[in-house]
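Per-chain numbering from 1; labels A, B, C, D and E assigned in written order.
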Amino acid sequence: MTDRIREILGWYRSENSGVLTNLSRMLNHGRLAGTGRMVILPVDQGFEHGPGRSFAPNPPAYDPHYHFRLAIDAGLNAYASLLGFLESGAADFAGEVPLILKLNSHDLLHPEKDPLGAQTASVRDALRLGCVAVGYTIYPGTAERRVLYEQLRELAEEAKAVGLAVVVWSYPRGGGISKEGETALDVTAYAAHIAAKMGAHIVKVKLPGANLEFEDARKVYEEQKIPRETLTERVRHVMQSTFNSRRIVLFSGGAKTDDATIYDEVQAIHAGGGTGSIIGRNSFQRDRAAALKLLDNMIHIYSGEKIQK
Amino acid sequence: MTDRIREILGWYRSENSGVLTNLSRMLNHGRLAGTGRMVILPVDQGFEHGPGRSFAPNPPAYDPHYHFRLAIDAGLNAYASLLGFLESGAADFAGEVPLILKLNSHDLLHPEKDPLGAQTASVRDALRLGCVAVGYTIYPGTAERRVLYEQLRELAEEAKAVGLAVVVWSYPRGGGISKEGETALDVTAYAAHIAAKMGAHIVKVKLPGANLEFEDARKVYEEQKIPRETLTERVRHVMQSTFNSRRIVLFSGGAKTDDATIYDEVQAIHAGGGTGSIIGRNSFQRDRAAALKLLDNMIHIYSGEKIQK
Amino acid sequence: MTDRIREILGWYRSENSGVLTNLSRMLNHGRLAGTGRMVILPVDQGFEHGPGRSFAPNPPAYDPHYHFRLAIDAGLNAYASLLGFLESGAADFAGEVPLILKLNSHDLLHPEKDPLGAQTASVRDALRLGCVAVGYTIYPGTAERRVLYEQLRELAEEAKAVGLAVVVWSYPRGGGISKEGETALDVTAYAAHIAAKMGAHIVKVKLPGANLEFEDARKVYEEQKIPRETLTERVRHVMQSTFNSRRIVLFSGGAKTDDATIYDEVQAIHAGGGTGSIIGRNSFQRDRAAALKLLDNMIHIYSGEKIQK
Amino acid sequence: MTDRIREILGWYRSENSGVLTNLSRMLNHGRLAGTGRMVILPVDQGFEHGPGRSFAPNPPAYDPHYHFRLAIDAGLNAYASLLGFLESGAADFAGEVPLILKLNSHDLLHPEKDPLGAQTASVRDALRLGCVAVGYTIYPGTAERRVLYEQLRELAEEAKAVGLAVVVWSYPRGGGISKEGETALDVTAYAAHIAAKMGAHIVKVKLPGANLEFEDARKVYEEQKIPRETLTERVRHVMQSTFNSRRIVLFSGGAKTDDATIYDEVQAIHAGGGTGSIIGRNSFQRDRAAALKLLDNMIHIYSGEKIQK
Amino acid sequence: MTDRIREILGWYRSENSGVLTNLSRMLNHGRLAGTGRMVILPVDQGFEHGPGRSFAPNPPAYDPHYHFRLAIDAGLNAYASLLGFLESGAADFAGEVPLILKLNSHDLLHPEKDPLGAQTASVRDALRLGCVAVGYTIYPGTAERRVLYEQLRELAEEAKAVGLAVVVWSYPRGGGISKEGETALDVTAYAAHIAAKMGAHIVKVKLPGANLEFEDARKVYEEQKIPRETLTERVRHVMQSTFNSRRIVLFSGGAKTDDATIYDEVQAIHAGGGTGSIIGRNSFQRDRAAALKLLDNMIHIYSGEKIQK
């Protein structure tokens, strides 16, 4: 148990020992064990975008066992997915990688500018599958976000009582936010803050752009000269906005991109004090060898080592 | 117990022995016992389309006992129907054919482009009727699919806990999908994937066409050159999309058609690695002799034998 | 579905279809399927007498998988055991043989003339393990039999509601019955009747002797000239006492004995109209080859065939 | 994940993935990780014998943190204790060693030949404290063992449903067993078998002597020539009696003794195929340096290495 | 918030913040606020001994308001009593002194050597009355202590979940303990240890004598040369036995005695590291002025100041 992990667990002192134990299980698993940094594999794309768009670029990824093995072989901290995907491998890979059960999900089969998704698994499912945490996606900005917030609240309370950690994916969306605004700096910081305020132990947001979405925010950001030119500065601002870094915050890059871009992003997350990455499409849409190389290099960067890009 | 059935049961290792036993009961019943292929008789048409449209073409089918006898005499793997139909014969035919109780149903008495249906039976009903599984229909693409997904989630959790298998009919419908799109390849694969991700043990979808509904999907399908000209290729894609064939997937043909067409479809399902057929209107809207002949030939095809069309 | 099975199921018409289905599953499984006769393997000896006394005569029987395989390979109707033994194989042998979960058990580690035993499994356990029935042992004659009867009542009610059959082992014991009286004809008939009156679907008693235990009974038996010289006559009397044969009654022989004796007993059960045998020590305390031969011959006798002793 | 651990987890296939994960967490923790052998530190002596008798020989052991550190520093597989002791360190040592919460305990403040103990913690306590398992002590042979068996049954069912492993301490005691008989070979094998039959995942018994307690058992042991002269042979018999080694069985030595004796015992457990040791008084009643040396040597023996006694 | 209070709260890190807050309320109330020492007024004598024996020596004490005022005016840390007594003043003195609701009590109206008492209030009562803690008396050594331990377990779990602290009065009594043995050193240390192991946050025992009750204990106490001549040494041993002083332990003196004796006892508690006193009869059976003087002097001693006896 490193000092850094003790420090991180110290942020969650009002949680019960079960939650602390499960946070510790993630922080002390895989190749980043003990560093206080994390890389997590999330696979909820098939439900969100359909299986073809998700897995056709790397067909072995149609197989749910592929993702268990990728997370294990890459030495990641945890693997997050939906009920059916975890059910199809939880017994086969029991104890080999910490599992996070996403409790809600959303498909794109009906056009809607204000997404809601649906609860697709329960806290009891997470216990019977041996998970360390439950996950939930909120869409701050969606019209009916009250429904999401209240469902999250209820599930999070239930999860904490039985010692499970709570991971919140916080994706600003909805009729009041422009497309670019979804990753604006003010909106991203806002989304991270809301998730943490609702009691998330781990917050997951997208990497923010330098743009600002709301005029009221812009005025303050400019008056206060909040640095936001570099990605590192923006990550730092998000961390500050998430309880002055007293919560674990993971960043995702989104759609598939090239390795060099990802390394630059990871360098920025690392330099800006972000906890780590949650990297789905950019790992499972590459072939396995390329994915393992990419994840290996990300882990090197988070370990503070130089890599050959 | 054949090796193939052991392999199939191995896909469901995180389920309890009750679920495995009930899956085994279906897989080892009837003339396809042990092959890993299945043909199931579903009779929910009366509720969906009204009794006249459903049964007038073959009036003996008004009688619920008719369907029990058809499934038994044809040597099918299971018979699925709604509460009242099962209640009217479950005692009379106890133990003669595995039963699946459909827990929800939908009528067409009110025009709606985004169907929802209603829960019309319970998990306890399934136990008291001696069923091996419960069934549930979702309409991915319907505006309020959240309601369906959450009801399915709750019922599936309850069913699994008492050892019942879960069969999900996944029919894309709703305001955001064109009529042809309901059986588009991308949409069908998507629907199968969603059902499996929600924890279905058995997924039931319609046979897909070669068309693609969504532009984002089309781009990927064309880039990745996903074969989709023949029905066999399309079945193969659906199977791949359903956990790389780690779930049982049944295909239905839909409205009544001629025998030769059905045989071609079954050949394609067989060749494409589909688990089997769920065949309602095309069995009970023929007269009994014709239905038995059709089902007999389907079973021959699934057994890998030649038939005389 | 044979006429005989239909007739037997007809005795239980007020039970729900789940119970009928599970009775049918036992009656239609194995080599006696459809005959209306049954042979069941029970293995609760290890808890009752300790593992050494139970399994040392045939050491492979220490392994719980041994008994699953024996019941399957011999083509028996069902296998009954306690929680741990079923847990250790229910997933491996799912669907291969109907399972009966004994819900209570008794050890001999404290001397007591009025045994009670304890509940060691639940109806929910039976469901999650995929069982067709629950079993329960009562000791009519034991001082605190009220405790047993009331626990059985509650468990049987719960089991029937979820479609499980109820098997009652009825063993007269206690301070008011002499050692020989435990298998006296009047006592055995009484025990079978009590079990059936409490709602058992299947009653299990020991083979009765010609002796009578109670004076009040003796008076009537002699006045009414109830035939009891041959075992066949005594079996017939027990069947008559169990709702005039409207319940399934299985007989056990008890401690290990030679094959010829068992064949004579089985002939008598068969001739007297008994449903069949539940044969534990006499099957698993022989080596596997001898056990299979014995069971094979028993099945031949129940099938009405001649055997070479 | 070694082949041996996969094999062991395979014994528990009918349990849910949560149970498998928690068994895996113990089997893969500490210096014996992956070997399939286990050494566990149990500290329930203070409640059983009073704090003076338990801790005065090594006063630092009065401090609950002492035991957490000992289990961690010695690299043991798990640490088991009562509610208060776990509460006093579970947050401080979260995630550093798998924890087992003993759910019942017994004190010696009232003389009784048939002990019962009392439930002193709950399954929900185990979840909030981040435990991998619950523990429960039964006294086969105690007059009111029915009360213990039924409480265990209920707690075990609840624990398994939420993914916790179940460890049963099986200590024969009570008016019908002589003092020497409590560790007789027949009685120890019987006790281990009962615990496993009740659904324990891990069974804990005392090392058996060569004596036999019950006449009925003696007859069989002598007839069948069950080897029992050496401790290795006796361990082998206990393993065989526990589902032919399909369950994890841990042995304890009891009162404090010298190192050489313990090494001989551990050699015998190792050679006889026992899973490992649960060693309380002999670890915490030595000073820390001596305890670490002892545990280190035990681990060497279980690893198949030579040690210098 | 002093360092000492932080240190004490640190012992309870696995409890929720509600429990920590309520412990803090007691520790930071009254004239000993912040010192880590406590003096508490308990008034359960009327139920235990009848009102005459309890209050006739100081008739104003018949009035429940008398005790609220005494605890407030003396600047004590908390006031503990039974339901009716708290109900009669909780509104009048709301917020003026931390309240502890005793949840069980015992009368002497039926002779019994193994007392049990009865639950006379609930955790919900404690919430509606604004209490900081619940109290419960166990009689380690009483024949049916199982009943007490299990009731305490259930109430303590409920109390902790809603953030209430748990205070356990641990009074050894029963057929297996001699009258003098009830305050023997070994028995007192044992009683304190049991209460702490059951999860008490605050343990209350009687001041121990130098005598030892049990032979098995005597042997260890003498071998290990546990100092027990002075009261200070004995207090130190009790503290050590209560998780090496990681729990709050309060001592009571029992029947009414003179001031000088009490001061000596308090000096010993202070010197031996005991947390403080719980002083009932010796405060409310004196007249108010004398009681206030006594309590004032006790507080001085606990503050480390000299007093004029």
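To be clear about the criterion, a contact is a pair of C-beta atoms (placed from the backbone, for glycine too) under 8 Å apart; a residue touches a chain by one contact, two chains touch by 3 or more.
All figures in this text were calculated on a predicted structure; none of them were measured in a lab.
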How many hops, at fewest, get you from chain A to chain E via touching chains?
1
For chain B placed onto chain E, the superposition rotation in degrees, Cα atoms, nearest 5:
180
Where chain A and chain B are represented by their mean Cα positions, the distance between them in whole Å:
36
Please report how many Å separate the Cα centroid of chain B from that of chain C, as a whole number.
40
Report the inter-chain centroid distance for chain C and chain E in whole angstrom, where each centroid is the mean of the CA atoms.
58
So, what's the distance in Å between the C-alpha centres of chain D and chain B?
49
Mark out which residues of chain B touch at least two other chains, giving numbers and ranges.
13-14, 16-17
Chain contact graph: line, ring, star, complete or other?
other
Show me the residue ranges of chain D that touch chain A in the complex, using the header's touch definition.
1, 9, 13, 16-25, 27-28, 90-91, 93-96, 124, 127-131, 161-163
Given the complex with chain E, which residues does chain A contribute to the contact?
13-14, 16-17
Residue positions on chain C within touch of chain D in the complex are 46-47, 49-53, 55-57, 59-60, 62-66, 82-92, 105, 107-112, 116-122, 124-125, 129
Chain D-touching residues of chain E, taken from the complex the two chains share:
11-15, 114, 140-143, 145-146, 149-150, 153, 157, 172, 174-177, 186-187, 189-190, 192-194, 196-200, 214, 216-217, 220-221, 224, 226, 237, 240-244, 246-247
